[in-house]
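Dropping the structures in below, format is structure tokens.
Next come two complexes, and both contain subunit A; in the first it sits with subunit B, in the second with subunit C.
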Partner chain A sequence: MKDLLKALPWIGPAVALIATVVLFPVGLMFYNSTRDISQSGVDKGGVGLDNFATVLGFEAFWPILGRTVVWVVVVVACTLLGSLALAALLNKAFPGRRLVRMAVIVPWASSVVMTTLVVHYGLEPYFGIINSFLVDVGLIDTPEGYGWTRHAGTAFAWAMVVAVFVSLPFTTYTILAGLQTVPGETVEAARIDGANGVRTYFSVVLPQLRGAISVAVLINIINVFNSLPILRVMTGSIPGYDADTVMTMIFKYMQNQRQIDLASALSVIAFLVVVVIVAVYVRMVRPLEEV
Partner chain B sequence: MAAITQTATPPRKATRPPSDDGRRVRRYTADQVPLGSLLLRLLAGLVVLVVFLLPYLIMFFGSVKTKAEIRSVDPTYFPREWHWDNYVTMWSTPETPLLQNLISTLVISLCATLLVLAVALPAAYYTARFRFRGRLVFLFLVIVTQMVQPAVLTSGLFREFIAVGILDTWLAMILVNAAFNLSFAVWIMHSFFAGIPKEVDEAAQLDGAGTFAVLTKINLPLVWPGIVTAVVFTFVASWNEFAASLVLLTTAGNQPLSVALTKFVGQYETSWHYVFGVSIVAIVPVVILFMAIEKRLVGGLVAGSVK
Partner chain C sequence: MAQYKRFGGIMAITLATATGLTACGFGGSSSGEEGGGATTIDLLVPSYSDATQGLWNDVIAGFEEENPDITVNLQVESWDNLESVIATKIQGGDAPDIYNGGPFAGFAEDELLYPVEEVTSEETYADFQPTFLENAQVGGTTYGLPFIASARALFVNDALLEEAGAEVPATWDELLESAKKVSELGGGVAGYGMPLGSEEAQAEAAVWLWGGGGSFGDADAITVDTPENLAGAEFIKTMIDEGATQADAGATDRSPLFDIFVQGKVGMQVGLPPSVGQIESDNPDLEYSIHPIPTEDGSPFTLGVADHLMAFQNDGDKQEAITAFFDYFYTADVYVPWVQAEGFLPTTLSGSEELAGEESLAPFLEVLPDAQFYPTTNPDWAATDSAFKALFGQLDSKKSAADVLAEIQDRVDQG
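Let's look at the complex of A and B:
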């Protein structure tokens, strides 16, 4: 106990910051999810689990949940496959490799909002440059292009493309770090044994990337599930709930409908989903084993 | 000193042959890669380069077009005329007070970074150097915050900040950005402190230096790459933060650029050339900062688990 007191001046401020800005809001959110809070913010008393019943009873809830699963699974899977290929290339020696590595960082450092905005502009009919390109190469027949951002389905699909694009840098760099710890001798040995490049990669290199891949996937699942800006920009102006995920729905409750109690209930559900995903994943893959 | 920082950085350097000037050895000359596969790699590298830069090139070219050109039904890939004056006129657009948004972004990011440094540095140092009861609990707490993101907590934060009376203030977002970037900063600096042999500290202590003097005089010079990484990462993450700012900052002038720019979407006639000009101004500096810490980015994010 005495040494904890001695440690307090050093770790105390960090504990205080986490307690007030992370832990306390979690508690408050759970509490608010059981209250009836008016649109102007007045707490009108406890309502038990009524807010959860309202949120779960909302006709679009289950489609939204299903879409959230599609969003996470497709984006994380595509990100992983793309990153494995990218990392394999960036781990090989070629002139200009450093330049390519730097280019891969750019979407990571850039604001996701701004990256999404340029894609959104590109997809506009008539003057969007992506539409214009698709018309120029003959993929679209109508001269004004296609209203990708006007329809929930296509806007959502493009949002997934953007989500993969902005998730690639972190994932690629994590796998690259893993690749650089693969001992050259094991690859050499496989080559001498007559394995070709593809076979060496799948039977020697890939198994040794398990740690890097599992951590990257875990962090990606959390990030993609919690992602708001891409869908907000890409599908936010489409009426209805046909392009919403749990996260965008939370913000619709909070901002459009000013129902902080319902927003809290859905946030609690989202929070528990993340906790369960992380727990199951950590049990199955044990990505944090070596910390 | 060079040797110490080498072992403290993530292990990727170990497999690379050392060279005299400290730069990467160009292995492709030594390995005698067949010309065919070298060309194939070059080609693939070029494709990757173009794909990753393309959105930002479109942004840049768009930022110097006129409104008439960027909204023309016959879109141009490259600007017909280069209107650099957009970078001056864009700050007085009616949609949102962009200059104030820029100042808000700057103030919030700078203060959050300073706060993270002040809070994370002592914690990282102490947990790397001393064993005490509760140390693992603390480190676990730090890891857990990396799993939680502000987006899922905004409803709680919103009510909390109303109660405290700091809703719609810079302070609210400074606290949020600092708290949610704390884990990266603690972990990356922790790993650097842990890389310094204990004997260095003990020698200084024998000479009569106190714990604080050991930290500032002996350790800080050795861990500065870790500090720079933590500072840059926190700054860039705060600079780009969106979800919490969207809800916690309600006055237009208090909002950061990331929130302000979304107001252009869905306008009757969006001034895309201004959106892109502001985006370029917001993106270029942080990209340069991020490139400076490129080699150490992974270390703090995966908390030492990539082995």
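Let's look at the complex of A and C:
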């Protein structure tokens, strides 16, 4: 207790910051989710758990949740595989490695909305560069191209491609940092024992990357689950709910239907889902445990 | 213990990232900085074009010169964000004093607005076109000041129609025939540009459903799922199925599609008064003409839209300043250049007189007497609007027209 009091001046500012920018919005979100808020934003009183019942009773809710799982699993898995390959490449010494390492940062350094818009315009019929290319090489036979972003399936798939693209740099660098902590002796020992490159990688290097990979995966899961802008740009003009994830649905409640109460209720659900996923992950994988 | 610490750290990261989306709900309060008896009015407006901000700045400069004890704070937002910005501000107790937007009935319902007669002089109030005032009333009281109006008309690419040997249509059947002829030209040319994407699906819906004799209802009840509306919805499906429209009509937004009309790749599309200016600046060589919107039986009709200014009560102490601002703004010398620069139609009698000789506005002023409006005074209109945006595009799918209308009606009835 005394120790705590002594520490207070030092941790006080951090605690205050967390309270105002993290705990307060969370509390407000929980509070709003139990209120009836009119379209113009006036609080009309408490309604208990009615908002949750409405959200869970919406016929597209379960498909949306399922799509969210697909979105997270596919994007994180593809990101991880791509990053492992990239990191292994960047860990080798070759001329110009510094430039390539810088180039890998580019998708990270540019705005996600900008990156997505560039791809989105490329996919537009009539003037999109990707459509023009596909028409010119003869893969599409309609002269104006194909409406990639006008169909739920293709738009969702392209959104995944963009999501992997923007997630790669961070993951690659986390794994690259992990690779550089792998002691050279272990690799050398494997070599002397006669293991080939593939065997060395999977039996010696990969196990030692466990810490780096599990942290990268954890942060990616949270990020990808909460990703709105990519899907919002890629699937925004599609009617109905066939390309929505939980995040875009929250946005639709908030922006299109202006039902802040329902948006808050769905946010609470999303929040709990993330907390549960993270808790399970932390217990199972113990990402911060020493190897 | 060590493990719990780490766990706590991870939870903190999770909290911080997971709440990123919802944490933006609070805008800072910027009112209440009045010094020396001066009054500050907050003005929240959408951006109609790149010139909007400059036009408002001119108005404000002129107003502040005449009223040195009043300062005006201008905030310009994009149309996409406008409605969530105003909802957030109201929820945070920071509503603007004057707001420029579309639907206002919800605000009136929540008793947030001044009746217009309390914040305008008699002369200003009497100068509004009576039809527009009627369209701005809730329960007999006017809550919105008609601000600018627009009407729709059919933009026709004359060169494409001539090449295809097609006539300018007046009825749906003629439209289908002409559009199919133009589509058959190939090369990616579309006969009729049909934007059912979320951007403005409600407008294209009105063009078709009302053109077949339907309506969205009135101030008391929203009626979407009716036999009259079904005729229009089914004809939309016919247009799409017979290849008279561009591909993927259900998810095509209006603005990008009109860009393609301007490029000369679309035979016919419904456009607005500002579309004239867009063609003039982007592709002045386009051979086009403007005609009334085709309807089922060829009777004249147009979709009129009026945006409104509204005054929020807040603390109730700025009524005089707001009145002064409105009286200044609606004088013909200030108002008409504003409307003209944005390419819209005026809602005041004096404004219409002044613009009567304007040639580019003539096709629209001509159809204005037959204008029908959205039932914006119905408190459920906002829900209707969003239901159309989210669901109407499903006409371009296997779903039947009747199911789509029923789904929209259902959403509206749920509130």
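Convention: the second predicted complex is superposed on the first by the 276 of 291 C-alpha atoms of A that agree within 3 Å, B and C clash if a C-alpha of one lies under 4 Å from a C-alpha of the other, contacts with A are read in each partner's own complex, and residues count from 1 in each chain.
FYI, a residue touches a chain if its C-beta (ideal position, glycine included) is under 8 Å from a C-beta of that chain, and two chains touch if they have at least 3 such contacts.
What you are looking at is a predicted structure, and each value in this text was computed from that prediction instead of being measured.
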Looking at the overlay, what does A:64 touch: subunit B (first), subunit C (second), both, or neither?
neither
Mind working out whether A:224 is in touch with subunit B, subunit C, both or neither, as first, second, both or neither?
neither
Quick one: is A:278 in contact with subunit B, with subunit C, with both, or with neither? Answer first, second, both or neither.
both
Considering only the touch criterion stated at the top, classify A:260 as touching first (subunit B), second (subunit C), both, or neither.
both
Which chain makes contact with more of the residues of subunit A, subunit B or else subunit C?
B
What is the contact status of A:151 with respect to subunit B (first) and subunit C (second): first, second, both, or neither?
second
So in the superposed three-chain picture, is A:1 touching just subunit B, just subunit C, both, or none of them (first/second/both/neither)?
first
Is A:236 contacted by the first partner subunit B, the second partner subunit C, both or neither?
both
For A:25, using the defined touch cut-off, is the partner it touches subunit B, subunit C, both, or neither? Pick first, second, both or neither.
both
State whether A:204 touches subunit B only (first), subunit C only (second), both chains, or neither.
neither
Residues of subunit A that lie at the interface with subunit B and also at the interface with subunit C:
18, 21-22, 25-26, 28-29, 41, 126-127, 144, 219, 222-223, 226, 228, 236-237, 247, 250, 254-255, 260, 264, 267, 270-271, 274, 278, 287-288
Considering only the defined contacts, which subunit C positions touch subunit A in the complex?
6-7, 9-23, 25, 80, 83-84, 86-91, 106-107, 109-110, 112, 186-188, 190, 196-199, 201, 246-248, 250-253, 256, 260, 263, 265, 382-383, 386, 389-394, 396-397
Residue ranges of subunit A in contact with subunit C within the complex:
18, 21-23, 25-26, 28-29, 37-43, 124-127, 142-144, 147, 149-151, 218-219, 222-223, 226, 228, 236-241, 247, 250, 252, 254-258, 260, 264, 267, 270-271, 274-275, 278, 282, 287-288
Show which residues of subunit B lie in contact with subunit A when the two form their complex.
10-12, 14-16, 24, 26-28, 31, 33, 38, 41-42, 44-46, 48-49, 52-53, 55-56, 58-59, 62, 70-73, 75, 77, 115, 118-120, 122-123, 125-127, 130, 132-135, 138, 141-143, 145, 147-149, 151-160, 162, 175-176, 178-180, 182, 186, 236, 239-240, 242-243, 246-247, 257-259, 261-262, 264-266, 270, 272, 275-276, 279, 282-283, 286-287, 289-291, 294, 297-299, 301-307
So in the complex, which bits of subunit A are touching subunit B?
1, 3-4, 6-7, 9-11, 13-15, 17-18, 20-22, 24-29, 32, 41, 86, 89, 92-115, 117-122, 126-129, 132, 144, 165, 170, 173-174, 176-178, 180-181, 183-184, 211-212, 215-216, 219, 222-223, 226-229, 232-233, 236-237, 247, 250-251, 254-255, 260, 263-264, 267, 270-271, 274, 278, 287-291
